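There are structures below to look over.
In what comes next, subunit A is part of two complexes: it sits with subunit B in the first one and with subunit C in the second one.
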Partner chain A sequence: MFRFISQLAWKNLMRYKRRTLITALAIAMGIGMYIGVDSMLKSAEQESERNLHDFETGSGVITTKAYWDSKERIPTSEYIEHSNVLLQSLSDAGLQAAPRIQAQGELIVYEDPYPVDGSMRVILTGIDPVRDEKVFKLQKTLSKGRFLKEQNPEVILGSWIAEKLNADVGYPITIVTRTVNGYMQTIDATVVGIIDAPDPVINRTGVYLPLEYLQEMLEMPQGATHIFINFNMSNVNKNEQKINEILLNQPMLMYHSWEKLAEDYLAIAGAKQKGTSFILLLVFIIAAVGISNTMLMAVYERMRELGMLRAMGMEDEDIKNLFFIEAGLIGIIGAVFGVVLGIAFDFYLVTYGFDFSMFLKDIDIGYRVGGAFHGIWNITTMISCFFIGAVIAVLVSIFPVRRGLKKTIVECLRK
Partner chain B sequence: MLNKITKCVVSSVAVIFVAVLVQAQSAEDIIRRYEQNQNIKTMSASGKIVIYNQFGIQEKAFKIWSRGTDDSLIVFTSKDESGQKILRSKKAVYLYYPDAEEIIRLQGAALRNSLAGSDLSYEDMTGGKSILDQYVIESISEEVIDTTACWVIKIKAKVNDIPYPIQKLWIDKKTYALKKSEAYSLAEKLLKTVYVKDYTSIGGFVIPSHIVVQDNLKKQTKTELILETIRINEALDPNLFSLQNLSM
Partner chain C sequence: MITIDALVKTYREGESEVHALRGVSLEIKPGEFTAIAGPSGSGKTTLLNIIGLLDDADSGKILIDGRDIQTFSGKERARFRREKLGFVFQTFNLIPVLTAYENVALALNLLQISAKEIESRTIAILHEVGLKGAENRLPSKLSGGQQQRVAIARALVKRPLLVLADEPTANLDSVTGEEIMKLMLELNKKHGTTFIFSTHDPMVMLYATRLIKLHDGLIVSDERR
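Let's look at the complex of A and B:
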């Protein structure tokens, strides 16, 4: 009986080829879009986390409690006083660490060599050229000039900041900031290098100076606002335990994991994921309404046929199965097309990607993806989409089929 | 012979020390006299801020009331800024924007923002403390500016959390009013110049009525502050400097 019903279902689908195709395409579009968007978002998340680790957070950071409590204000005066002692302890425990200073500042440039006078509010970052390399990959992204040397009044700019200011290597720049004692301070520096990092935040906001020089200018000898740590992420608990043991005797200091440091990003990424899931849910609902409508039409169009089958003794249960198999077959055809479409979309994303760099220069979308948004091959998503497509098609056909079967045989034949 | 030399050296050092001491003392007196000249119980005035920058010239009219050195209220009356208010008390600076109907307390880095787009910052408005409580006198000399004989007093910060670590003040020898001031960064780079073009003498006080402020780091900008009708030591509404009044 099942074989007969399956054959009948297939014949029915072939009788209404156009309708079958349109319905299957609606499912295919939904699945294809889901696979593509999911691939792009997962790739953006992976790349963002990698860039956060390599350029912004490391594996974690030590700050003073006071700094952390008001970190949004960048309170440079709440710094770690004897950072060298702490760095030595971390080094003794086998941990790679790099001190940094972050301070608010303003860049001021003048006509000649710059095209016009101008100024820009920025966050200054003081880095130790030797130690920083052990935690971050900033030095590897230098696209022009050279890296910083200790004690010199020199600066490295992110490529988008440099572009905005029309700055180049060798250009002078004046920086206005505050010392930790609250005094206004000026630094006349020279641009010695330009960074082009895969992390857009670095290109958009990066202004780096030598740590020792900045310590002197900000009246904080041996001080650092952050000590970033890099360790093998496969052994997080053990390494974090080591750090916390070192900090036991220093109640003013706190360790924060990269997740805490990047919680703004993670919150945005989470919200984006929810938003995208909601949009994709809407796409699925539209496809589901399409299938449901198709099945309703199929039931009503074939009401006489249905009445005749029932009059000849076909059980309601078999008729239900007939329509469910029809819906399931539409779902499978749509899912196959959808997965093929998704693979094509994925192929383009993995090979070429979509280049949004023009927009990302001025807008922070949260993701740390510099230029092209690429995709990843996600077989699990493809398989689950295939099954979900087929199952949803069957589920949404239940209502119209049951509605059609509520009529009596006479009512069906009269139709 | 050696004894004579020793005596001579000691007496020379003593003379120099006393001379420096006397000069430092007199510099402090000059500062005190200058501050006394500012010690007006109440003042009200109307005036305008004229801002010159790369976008052209903008004028902003305002009314100002002040009580002692701590409290002041500025209400903008020009069309574009009509109703905007700035209240300064001993502890804080508050802004009121009529469109937003909201009072904003300026704190931390926000105090460094420009006052109405001028070369003055909100921070420049804060702090009614005496100069001598915040700075030590580094040197004193004399100079003539636009035919006005002035003392030039260089002061250096002795407390933290004040924006300008080094300042130079040109004080009129006759009136003890400020003629010019320069503010420097810790690296001794000139940040801001204030120049008094005109004064109004009223009730025994010499009040600067036309001030030119220049941000020396931004070459194409200048701000003029002009006070037109000045009244002093008149009774003011005690609620004038309250937060309730700010949003009314």
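Let's look at the complex of A and C:
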């Protein structure tokens, strides 16, 4: 009986080829889009986390408690004194660490060599050219000039900020900031390098100076606002335990994991994931309404046929199965097309990606993806989408089929 | 043997009531070729629908082979229709995606008999109704008369106790209609299957061996020929 019903279901689908195809395409579009967008988002998340780790957060950071409590306003005066002692302890514990200073400042450029006079508010980052490499990959992204040398009044800029200022290697730059004691300080430095990092935040906002030079300028010898740490993420608990043991005797200091440091990013990424899921849910609902409508039309158009089958003694269960198989087949056809579409979408994303760098220069979308948004192959998503497509198709056909079967045989035959 | 006793059926149409059957009683012997005649609204189709377990009577009894079919559950009704009853409708009601062969075989597929038997019985009945060579045609490629022949073959292939035909010639021209009546009569004689058909066509009535006339839900004449 099942074989016969399946054959009949297939023939019915072929009878309305165009309608079957349109409905299947609606499902295919939903599934294809889901696979593609999911692939792009997962890839963006992976890349963002990698870039955050490599350029912004490391595995974690030590700051003073006072700094952390008001970190949004970058309170440079709440710095870690004698950071070298702490760095030595971390090194003794086998942990890679790099001190950094973050301070607010105003970057000023003057006409000649710049096209016009101008200024902008920036966050200055003082880095130790030797130690920084143990935690971050900034040095590897140098696209022009050279990296910083200790104690020199020099600066390297992110590529987009350099482009915005029309700055180049060798150009002078003036930075006005405040020392930790509250005095105004003016730094005259030379641009020695331009970095082009895969992290858009670095390219958009990066203004780096040598740590020792900045310590001197900000009147905080041996001080650092942050000590970033890099360790193997497969052994987080053990490494965090080591750090916390080191900090036991320093109640003013506190360790924060990269997740804490990247709380804003994680919140944005989470919200985006939810927003995208909601949009995709709407796409699926539209596809589901399409199937439901197709099945409703199929039931109503074939009401007399349905009556005839019931008159001939076909049981309601078999008639339900007939329509469920039809819906399931539409779902399977749509899911196959959808997965193929998703694979094509994924292939394009993995191979070429979508280049949003033009927009990312000016807008922070939260993701730390600098150039092209790529995709990743996600077989689990493809398989689950295939089954979900087929199952949804059957589920949404339940209502129209039951509605059709509620009519008496005589009513069906009269249609 | 079909025994119908005091069958009553009333429909509601908005605020008003339509008395389709007002106490119909009759007996039909096995092998009879019975026409239920009468004008539109006389209750012919309602009577056939109730006998065919497609509709329920408000009161009264129908015994087929000694069994009170009104007491059947939904599943028993479906089974009874599947095994014991054949239907022929004025609009043929063939499944458009199935060929003539498949439409006829459908009735046997529901009985779940062997593929071999389905094939032999289907081919035999199609040849018997004059559709040799048209087995693989879809209904859309058949004339009205041929479609009704397929419907008759579908009704008879399962060797039913009773074939119910609701105005089987109403959608056919007079020549084709007459051919269909001849065919039905021939099959009735050959297989001994009981036929009950409704009509208001005097030509069709001529073929009946028993003519029951209905008017306003009541039997007004019952004539054996």
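The rule is simple: the second predicted complex is superposed on the first by the 415 of 415 C-alpha atoms of A that agree within 3 Å, B and C clash if a C-alpha of one lies under 4 Å from a C-alpha of the other, contacts with A are read in each partner's own complex, and residues count from 1 in each chain.
By our rule, contacts are C-beta pairs under 8 Å (C-beta built on N, C-alpha and C of every residue); 3 or more make two chains touch, one makes a residue touch a chain.
Nothing here was measured: the structure is a model prediction, and the numbers come from that model.
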item: Clash or fit, subunit B versus subunit C on superposed subunit A; value: fit
item: First, second, both or neither for A:Phe387, with subunit B first and subunit C second; value: neither
item: Subunit B versus subunit C as contact partner of A:Tyr110, first or second or both or neither; value: first
item: Contacts of A:Thr174 with subunit B and subunit C, given as first, second, both or neither; value: first
item: Contacts of A:Asp188 with subunit B and subunit C, given as first, second, both or neither; value: first
item: Inter-chain angle, subunit B to subunit C through the CA centre of subunit A, in degrees rounded to a multiple of 10; value: 140
item: Touching partner for A:Arg15 - first (subunit B), second (subunit C), both, neither; value: second
item: Partner chain in contact with A:Leu413 - subunit B first, subunit C second, else both or neither; value: second
item: Partner chain(s) touched by A:Tyr300 [first = subunit B, second = subunit C, both, neither]; value: neither
item: Touching partner for A:Phe347 - first (subunit B), second (subunit C), both, neither; value: neither
item: After superposition on chain A, the shortest CA separation from subunit B to subunit C (Å); value: 65
item: Set of subunit A residues, in rising order, touched by both subunit B and subunit C; value: none
item: Complex interface listing, subunit A residues touching subunit C; value: 1, 4, 8, 11-12, 14-15, 304-305, 307-316, 408-410, 413
item: Contacting residues of subunit B [partner subunit A, same complex]; value: 54, 108-109, 157, 160-165, 183, 185-187, 189, 191, 217-220
item: In the complex, subunit C residues that touch subunit A; value: 49, 52, 54-55, 74-75, 78-83, 85, 87, 89, 91, 93, 95-98, 106-107, 109-110, 112, 154
item: Of all residues in subunit A, those that touch subunit B in their complex; value: 73, 104, 108, 110, 116-117, 119, 174, 176, 178-179, 181-188, 217, 219
